[in-house]
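Down below are the structures I want you to see.
Two complexes come next, and they have one chain in common, subunit A, joined by subunit B in the first and subunit C in the second.
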Partner chain A sequence: MDLIESYKEELKLIRKPWTKFWVGLLILFVLLLPWYSPEHVTHICIIIFIYSIGALGQNLLIGYTGQISFGQNGLLAIGAFTFGHLVGHSIPWPLAMISGGLAAGLFGLVVGFPSLRLKGPYLAIATMGFGVAVYQTFVNSETLSGGRMGLLIKKLTPVFSLSPTNFNYYFNLFMAAIFLLLTYNIVSSYMGRAFVAIRDNDIAAEVTGVNLVRYKLLAFFISSFYTGIQGGLYALFMGYVEPNMFTFMESITLFVAVIVGGLSSVEGAILGAAFIVIVPQLLSQYKGLVPVVYGLTIMLILIFEPMGLYGRWMKMRLYFRNWPFR
Partner chain B sequence: MPLLEVERLVISFGGIVALGGVSLKSDTQEIVGIIGPNGSGKTTLFNCISGVYRPREGKVIFKGENLLGHRPHEVAQKGIARTFQNLRLFMHMTVLDNLMLGRHVQFKKNPFHAFLRIRKEELIHREVAEEIIEFLDLQAFRNSRVSDCPYGIQKRVELGRALAQEPELLLLDEPIAGLTSEEKEEMAYRITEIRGRYKTAILLVEHDLRIASRLADRMVALDHGLLIAEGLPKEVQSAPEVIRAYLGDEEA
Partner chain C sequence: MRILQYTVTGLASGSIYALVALGLSLIYRSNRILNFGHGDMATAGTFFAFIVAGLGIPLMGSFGLGLLFGFGIALLFYFCALVPAQRRNANQLGQIILTLGFGLILQGGIIYFGGTEPKTFPFFLSDSKTYKTGGLIIDQLSLGTLLIGLLASLFFYLLIQKTKIGLAMRATSENLTAAQTLGIPTRRILALSWGLASALGVLAGLFLAPALLLDPFFMLEPFLKGFAAAILGGLNSLPGAIVGGLILGVAESLAGAYISVAFKNTFAFLVIILVLLVRPEGLLGEEFKERV
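This part shows the complex of A and B:
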C-alpha cells in the first residue's frame, strides 16, 4: 500500500474491522430499541438524544478548547424561543431550528468575548452573568416569553404511521447522529487541532500561527450553536417553551454531563448526557437530592477518575483484552 | 537588503531594562549565534521578534516590513518560526499532530471541509510532516503522545514543528541545552542540515560556546540588554567585553 493510500486510511472515521462490527451492532440495537422497550424508556432516550447535542457542544468548548461557559441556560433559551417564535410565524421548522442555532451561536460570541481576557474561574463567572441575565430578560418580558403560559409550539406529525413517541425517538436520534458525526469531523480536522493547541499551550498555538481570537470565538460559536439546537429540539418535543425551562441549573447540568462523561471524549459526552437525564429520573421522588448527587459525583470524578466515564470504559476494555494475564 | 533588521529594541519590566536598544541583522540562510550570560536578554529578544512581547521602542523589519505590533500568529504567517527555551509543546497531542500544527500557517483552511470531513488538504500537509519525521528520525514516536516522549525527542518535535512552518527565519532558543552529549552532536548536525535543506536563516541562542561558534557564521554577544560585541565567532568570544561579562557573571 502506498503512502497516500495509508494516510487516507488513517483519516477514516472507523478503521479497524472489529470496531466496525461493534458499532454496527450498537446501531442495530439503538434502531430496534423502541420496539422492545416500554414507552417511558423510549421517552428517556429521546431526552438523552436531545441533551447529548448540547453536551457534545460543551465538550468541544470545555474539553477540547479549554474554555468554559456557564451561560448555556441563556443560549438554550435563545435557541428555543427563536425557534418557537419563528415556527409561530409559520416559518418551516428546519429553517426555524437552524435560525435558533445561529441566534444562539451569535450570542455565544458575546459569551465568548471575555475569554479573550479571562481564564478559568473568572471566565466561568463572567459567562454565568450572561445566562442569568438572559433568563431574567425572558422572565420579565411577556413579548419575548409569550406570557404566563409560554409559547405553544406545534409538534411534528409522525410519518410512516409511527406512534408519536417512536417517531420522536427516530427524529431526535437522527438529529443527535448528525451532531455526533459533525463533532467527530471537527475534532479530527485542522480546526479541532487548533482548539486542542489553544487548550494545551496558548502561547505556542499563537506562535505556530493559530489566531487565538478567531479560534476561541469559533469554539464559542460552534458550541453555542449546538446548545441552541438542543433548545429548539427540546421546545419542539415538549410542544411549548417557557422561561423556567432554562434556569441556571441547566448550565450546571450540561457542565456535569461533560465532566462525568470525560473531558475531550466525544463518546463520553453521550454517556454524560445519559447520566444527567437518568439521575433525575431515578431520584424523581427526591428532587432536592439531584444537585447534591451532581456535586458529589463531580468531586468523586475529579478525585478518582479525571477521565470520566469514558476513561473508565477504556480501562475496562484494556483489562478484558489482556484478560487471562492480568 | 538583509532578511531581518532589528533596530534599537527597548523593553523593560518594572525597573529592569531587559533590552536597552539592541540592533541586529541577519541575511538569508545565515546562522547568527547569540550568546550572553543568564538574564542578558536573549530570550526577551526572541519574544520581541516573534510578537510575544511588545517592545517600547524600536523596529523589527522582516523582508522590508516592520513587524512591530503584529500578533504572534501574524508574525508566523510572515515566515518566522521559533522554539522555546523551556519547551512549549502540545503535550496531549501526538508527535504527528504537533507537526501538523506547524502546518497550520500553510493549510488552506475551509470550515466546511472540517465539518464535512473533506481531507484533501490534510493529505498534502501530511506528506510534508512525514518528510520532517524522517529528517528528525521521529518514526518510532509518530503516534506517541508528546508527554510520553523522552526529553530529547520532545526537543526534536519542537524543532520539527517550527520547521513544518517552512519559515524563512528560524529562532532557536537553546536547542541543545539539556541533551546528552551524543544528542547534542546530532542536533548540531541537524541545525547545519536545516540551512541546506530548508533554506532558512537561523538565529541561534546557545550557552555551549564551543558548539555555538562551530555552527554560527556570525555571532553577537548581549549583556544586561546591550549588544557588547559582534563579528566572527572567534572574535566575539575573545573580545574583552565578552570575557568580562561572563567572568562578572561567575563572580556574582
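This part shows the complex of A and C:
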C-alpha cells in the first residue's frame, strides 16, 4: 500500500507517526483496562490473550506456510500435561512452561514429517489422527492424565499486591506480547518469506533455494511450540488439567480463529482469538448454538470475505483513505 | 478358533467403516474434497429417522425418510454452499473448511432438535439374539450389518460400472472439463454423488445406532475410522474403501483382543499415520503423479 524505499524500512514494525500514536493509545488502553472494567471482562481478556498465542502459532502454519493441521488439541494436551507434571515435581514454572512448549514442538515435528510427502487433505487427516490419538491416550492412561480428577496445578502468587485476576491479566498480557513480537519478527525475516514461498508454490520455492525439509519442519515446530505454551498457560490459569479440556473441538476452535481473523495476518489471529472466546460467552445461555455460529461464520467468511476480519478492516481503511475516489 | 471369532466381530464393525469410507471416497474422487461434515450429515439423517419413527411412522418408512433426508441435506450443501464458493474460486483448503462449517451447523441443529441425552434406537434386529455355527457366534445385528455392507457395495459396483449414470460419474471424476464438453450434466452428477455419499453415511448410522446409544456425537469415531479406512484403501478407489474398512475392522478387533483393549480405538489413527508415511496412495489407490 505504501511506498517502501529500503529494506530497513520494510523491517520497521510501525511505519508512520500517526500509526505510532494509535498503537500507543491502544497499548495504554490495554494496560489500564483491568482497573476500570468489571472482573468478568478482565477474565475474558485473559483467556483471549492465552488463545491468541495458539492462534498466532496456528496462523504461522496454516496462513503463512499453507499446511493444514487439525492436531492442535493433541499438542495443547501435550504442552499442558508436560507443564503440569513438571510443576508437580517442583520444577520452577518458567522452565516447565518452556519444556511444555518444547515437548509439543517435538511432537509437532513428528506430525510434520508426513507433511514432507503429503499435501492438503491427506495432511489434514494425518494431523487429525494424531490429535485424536493423543486425546485418547490421555483419557485411557491414568498415570499420564493424573486420574479422574485431573492434575492440580499450583497457581502463581500475585506480586506487587495485585489482585489475582489483575495479576493474571498482566502476566498473560506479557506472554501474549512476547509471542506477538516474536511472530512479527518471524514473519518479516527470511524464515517468514520462506514460509510464504512454500505456501504459494513449494516446488518453485525449492528451486529458488528454500530448504523445503527444514522450513516445513520448522513451521510445524514453531507452531506446535506456540500451541504447547498456550496449553501450559491455560493449565496454569485454570489451576488444573484434565484430558476433556482437549477434545477434537478444541482443534476446530483454533482453526476457526485463524479463518475468522484472516489467513496470514498477525493482527487477524488476535481478532480471531477474541472471536472464539467472546462468542461462547455471549451464547452461554444457548450452548448448542456455539458450533452453529462457528460453522455459519466460517462458511460466510469463505464465500464472501476470504481474507477474514483483518481483510475487511484493510478494505475499510483503503476505502476511507482513497475517499472520495474508488 | 478364537481368532476366527474376533475376525467375524471385526468384519461386522468393519462393514460400518466401509460404508463410511465408501461415502468419503465417492466425494473425494469426484470433487477432490475431503468431507469433514460427513459424520454430522450421517448423524443428522439418523436423528431424523429417529424423530420420524417417534411420530408413529413404521420403522422401515422412517429409515427411508432418514436416508432421503441425508440425501437432501447433502444436495442443499452442494448447491447452497459449495457451488457459490467454487464460483468465487475458493481453493481446496477453503472447500474443506466449508464442509467443516456445514458439519458444525448440523451438529448445533442436532443438539437443538435432538437433545444431548443418549437415547435407545428402535430396530428390527437385536444384538442379544445370536446364531451359532460351528463354534462361531454372531448376533443378529452384526449379521445384518455385514449383509447390508455387502449389499451396498454390490449396489455401488453395479451403479458405477454397469449404468449410464455410473459412466457419467466416472467421466466426471476423471476429467471435469472434458466431461462438460461431452455434454454430461456434471453439476447434477456431482450433486448426485454428494447425495449418495451422504445417504451411505446415514445407512451406516442407522445400523450403528442400535449397537450404541444415539447421541449427537455417536458418529464421530466411526467417521474418523472411516477416514482411516479410506486412506488405508486409497482415497480415490471405491473398492479400496471397502477393503480398507474391512481390514481396519478386523485389525482393530484383533488388536483389542491380543494387545490392549484400552488402545483399541487409538489403533486406527496409528494406521492412518503409518499408511501415509509408507504408502500414501493406499493399498488400491493409484500412485500420485505430479507435474511441475
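The working rule: the second predicted complex is superposed on the first by the 312 of 326 C-alpha atoms of A that agree within 3 Å, B and C clash if a C-alpha of one lies under 4 Å from a C-alpha of the other, contacts with A are read in each partner's own complex, and residues count from 1 in each chain.
Assume contacts are C-beta pairs under 8 Å (C-beta built on N, C-alpha and C of every residue); 3 or more make two chains touch, one makes a residue touch a chain.
What you are looking at is a predicted structure, and each value in this text was computed from that prediction instead of being measured.
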First (subunit B), second (subunit C), both or neither touched by A:140: second
Subunit B or subunit C, by number of subunit A residues touched: C
Which superposed partner A:208 touches (first subunit B, second subunit C, both, neither): first
Contacts of A:267 with subunit B and subunit C, given as first, second, both or neither: neither
First (subunit B), second (subunit C), both or neither touched by A:125: second
Which of subunit B and subunit C A:182 touches, first, second, both or neither: first
Contact residues of subunit A, present in both the subunit B and the subunit C interface: 203
Contact footprint of subunit C on subunit A as seen in their complex: 62, 66, 68, 113-114, 117-118, 120-122, 124-126, 128-130, 132-133, 136-137, 140-141, 203, 248, 252, 255, 259, 288-299, 302-303, 306
Partner subunit B, residues of subunit A touching it in the complex: 3-4, 7-8, 11, 13, 182, 184-186, 188-194, 196-197, 199-201, 203-212
Subunit A-touching residues of subunit C, taken from the complex the two chains share: 28, 32-34, 36, 81, 84-85, 88, 90, 92-94, 96-98, 100-109, 111-112, 116, 220, 224, 227-228, 231, 235, 262-263, 265-266, 268-270, 272-273, 276-277, 280, 292
Parts of subunit B lying in touch with subunit A, wherever the complex brings them together: 50-52, 71-73, 75-77, 81-82, 84, 88-93, 97, 100-102, 104-105, 107, 109, 111, 113-117, 119, 121-123, 126-127, 130, 161-162, 165
